[in-house]
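Below are two complexes that have subunit A in common, paired first with subunit B and then with subunit C.
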Partner chain A sequence: MMTQAASLHGLRLLVVEDETLVAMMLEVMLEGFGCDVVGVAGTVKRGLAYASDESLNLDGAILDVNLGGEEVYPIAQRLTDRGVPIVFCTGYGLKGLSPSFAHIPTLAKPYLAEDLEGLLLSALASHRSH
Partner chain B sequence: MSRHGQALKKPPPANIELALEKSEARFRGVVESAPYAMVMTSSDSVIEMVNAEAERLFGYDRSELLGRSFEMLTPERVREERREQRRAFYANPGPRPIGSRPGEWGLRKDGTEFPMELGLNPLETEDGIKVLSAIVDISDRRRQEEHINAALKEKELLLGEVHHRVKNNLQVIQSLLYLQSSKTRDESVIRILTESQNRIKSMALIYQTLYTSKDFSRVDFGMFLDSLAPSLVSSYSVDPGRVSLAVRTAACFLPIDAAIPCGLIVNELISNALKYGFPEGRRGQIEVELAHASDNQVVMSVSDNGVGLAEDVALENSKTLGLQLVTLLAEQLHAEMDVSRANPTRFRFQFPVAS
Partner chain C sequence: MISALRQTFSRSARFATLAAVAAAVGLLVVGLSMAMFNENLSRSEKLRDVTVQADILSGSVTAALAFDDSKLAQEYVDALGANRDVEAAGVYDLNGKLVAGYARPGSSAPAVNRVGPPSLANDHIVVSRPIAQSGTALGSVYLRTVSEPFARRAMRYAGIGLLIVMAALLVAVLGASNASLAVAHRKLKVEMEERARTEEALRVSRELEAAAKMEAAAERSRTALRQSEQQLEFALDAGRLGSWTVDVASGRLTASEYFLANYGLAPDAQVRTISDLDQYIHPEDRDRQRRARRNAIRGGADFEAEYRTISPEGDVRWILIRGHAGKDNDGRVRRMAGVSLDITGRKEAEERQRLLLDELNHRVKNTLATVQSIAVQTRRDTLDAAAFERAFLARLAALSRVHDLLSHVSWVGASLADVVRQTLAPHLLSGERSSRLVLEGPDLALGPNAAVTLAMAFHELATNAAKYGAYSVETGRVEVRWQADDPKSPSLIEINWRELGGPRVEPPTRRGFGTRFVERGLAREFDGEVQLEFAPGGVRCQMRIPLSAKLRMAA
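And then the complex of A and B:
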């Protein structure tokens, strides 16, 4: 919206976030970067369905770590197994991350559009699959 | 006085034995009625005397204890350690008060163990040094401690959860403002909404800092500034290579009621410097410093080497919300505020904090 990042343009992304308004904001931010949000999930179950759907041609996913008490890790695992790059957004700080995912780029909540854009540029742009 | 007088006289031999017997009976009486379990051992750890409380505590009759080793009253796993301790005690005999050595365990006749505290007193006798041990069962105290610790841990968890939710709610408010701004093309409206988002984000960051540092009574303000400052620079789309930001904080912790106004003041002043201080590609630096002036005084300053505050910018009755907030929040902090308008532009605040 306010910034147009050529290198994020056209990326097909999955958003997993249980807080409706934050998910909406994330969607608008991503569309502002020129990304294509192909799925928004608020639960592990829905997120897993998206993560397993190869027809979505995902370029990446933005995952909230805590989904109403459930942890997002099964989705994270499914996506990394498939080679889809992911980033985490968490309000629990980096120390709260499971050690097996500690290397995943992570954005601390609250974040602004610019924080998100910077993280995505470094984490996803180089993984573009198409 | 009269006892003293008697001692000076040389009593006949029969009286000495009688006196000794009397004194020993009195000693046994004191030991027997002591509220602690008491066990007297010889230098090779053989039990020579126990009191009623010791029988009750360990579940033995005294006939089962006398003549046996003190080791039978301690669990197998700590016996080697106890032998070491006994050697150390005899190398340097002297009273060891109860509770001076934590982590002692007792073993009952029925095989159950209990945490205990042990006090040792050496007694010099004609058969060598004896040790009188006073033993207290601290199971109840241990249980109470565990209960208190569990309650404290629960309090910490709940407090953490509350801060976390406050922060989540602030993020939801920020999302609403963001969504609102995405619906308009009016640059001035977008700017107002962005500034509001920054203010809310800086409050949310205070709670984030509290949550991640696990210390809910005070905010690590250096940690807060380290996350606030870079995101402000990027929110005004300023190239960090053109206007650099330096945060200098000595270890400085603020109570939450000081941290929130302080955080908002820094937010406004950095924003102000980014918006007006460096026009037309001017290069420079913004500096934030925070340190204790004394145990209960903190000095905070935000300075920049930009173009400076114009003389017509009023501080007290400012027309901009940003500067109004700065003066009002400084009042809330009971801060003395000094302002230099240029070379460098500096806002300095000194305010009291509870030490």
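And then the complex of A and C:
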């Protein structure tokens, strides 16, 4: 646990989530992991702005797939293009994912803090191994 | 025919009767003639007999007369008495004077006799013959005999007549029976002819009847076929079913108007073969459709496929094809036939339903995530389980109420005023609603997420007001006023929460979930600005929210 906790500690993360309450819970959970939530976006427009901002020095991003009817894929594409590892959180489950992002680690809502932590660790670890 | 028959019958009967009567009359005439001839013959024979007897007497008495021996003459005359027919006899001398005579009682020989011709009376014959010797007259004899007695003659003639009558009757009966036989024969012949004609008519009639029956049966089956075709066509039309037939060898297609319409084609579209249709099938579905077709032809299986068609105008429709391969005696598939149905509506409905189910699932999952978020964050703010439960359930209730509101408007465009009124209702008695809550502003419509977020924000503000602010005392009230930045072309809405008449406000010592939610959550949700001010006279909250799909002026 110590090594895992240490591995997420201080990571600068972007949260893209249109449900305010869910976004706030994510913040609470991530802060509990010792992460630094550097941006929370509820729209594709704002999310793209964060994703393009290199000054944020993002270590990863947690993206909701559906943002009030809009799909999050442009943000996901921007981040993966930049080499920023991402994970999806979605209420649609895995089958709702676009085939080109089917390999992205995905968490189905609602999820436990432990599940999120485990997913982030594996996603970021697999990223670091590259 | 019957009258002719009667005529024929009566004519021949009449003829036969006449013939019989004529024959009978003829017989009677012949019989009478013969009787008369017989009468004459018997009279002349009698006369001859009497004459011969007279001559014999004459010869016998010649000598007696010559010798005037009247006694001898008398002997000869008396000898005649043996003949019962002799009534009277006499021998006369040359002077005519009676020499010897004999007579039966009641009769007498005439006193004088002269030789003359015999006399034939009705009941007797009288003959006078001369007595001569060597050419010398000596006297004469007189002989009177009875002719045949009347009764005897009558008896004789009656027998003859009876025979004649019987013969006539026989002839008549024979003739009549012959005639009746002829009539019967003719009648039989007529009847046989009539019967033959009747049988022929019956046979013809039976043949006609059979032919009529066959024709009627044929007409019935034609009618049934026509009806069945009409019913099929009606059913196909009513069901908007297209029908089609493909000749497998040539690929030739025969298709109904509805079939062409399913492809978005006009009734006169140039579609001759099955291949002509390929261009109207959606490229993504073409291979699948062909494969299903080939499998059906190869395996003789039923053909069923759902695929998209693209009309010449570019309209995409979904159609369902069902067909069956018809095999010939060799088991080869000669042709396929089937129906087509436009299932665009069904496909769209299925798609809508799928989207709805996905959306429902998404909402439920998001709602659960929301509840989870409320639970997690409420726990951080509360010291004990009882406080957690109270705060958590109050928040769930607020969430539930806004969901009620949204479901009333089918999750489209809840009004801001309704959201505020609904959220604050638990803090107000029914009589206080107008006095302790002032709502003022233009009609605004909220999207579902925006409604939930605003409801949660107002719930947090109201809960705080009930604990520490305007709603913690009976005289306090809340004003919520909102307005557009520019009424003509609004781009931003400013919503102001203001508490009045409550106790003096002290700034909170720590920021809990409510404060964080109003300040950060709300601002993030709407990409707007939120200022929460714990002013001593009452809490104020100013929200500046740009108009978007989430919050817009109601139409």
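Throughout what follows, the second predicted complex is superposed on the first by the 120 of 130 C-alpha atoms of A that agree within 3 Å, B and C clash if a C-alpha of one lies under 4 Å from a C-alpha of the other, contacts with A are read in each partner's own complex, and residues count from 1 in each chain.
Everything that follows uses one rule, which is that a residue touches a chain if its C-beta (ideal position, glycine included) is under 8 Å from a C-beta of that chain, and two chains touch if they have at least 3 such contacts.
It should be emphasised that the depicted structure is a prediction, and the values quoted were computed from it without experimental measurement.
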| item | value |
| --- | --- |
| Fit or clash - subunit C, subunit B, common subunit A | clash |
| First (subunit B), second (subunit C), both or neither touched by A:D115 | first |
| Which superposed partner A:G68 touches (first subunit B, second subunit C, both, neither) | second |
| Partner chain in contact with A:V40 - subunit B first, subunit C second, else both or neither | second |
| Subunit B versus subunit C as contact partner of A:Y92, first or second or both or neither | both |
| Partner chain(s) touched by A:S52 [first = subunit B, second = subunit C, both, neither] | neither |
| Subunit B versus subunit C as contact partner of A:S100, first or second or both or neither | neither |
| First, second, both or neither for A:V28, with subunit B first and subunit C second | both |
| Subunit C-contacting residues of subunit A that also contact subunit B | 19, 21-22, 24-25, 28-29, 91-93, 108-111, 113 |
| Subunit A residues within the subunit B interface of the complex | 1-3, 19, 21-22, 24-25, 28-29, 32, 91-95, 108-115, 118 |
| Interface residues, subunit C side, partner subunit A - complex | 358, 361-366, 368-374, 376-377, 380, 447, 449, 452-453, 456, 513, 516-517, 520-522, 524-525, 527, 549-550 |
| Touch list for subunit A against partner subunit C, complex | 18-25, 28-29, 40, 42-43, 46, 66, 68, 90-93, 96, 108-111, 113 |
| Touching residues on subunit B, where the partner in the complex is subunit A | 164, 167-168, 170-172, 174-176, 178-179, 182, 190, 197-198, 200-201, 204-205, 208, 211-212, 227, 231, 234-235, 237 |
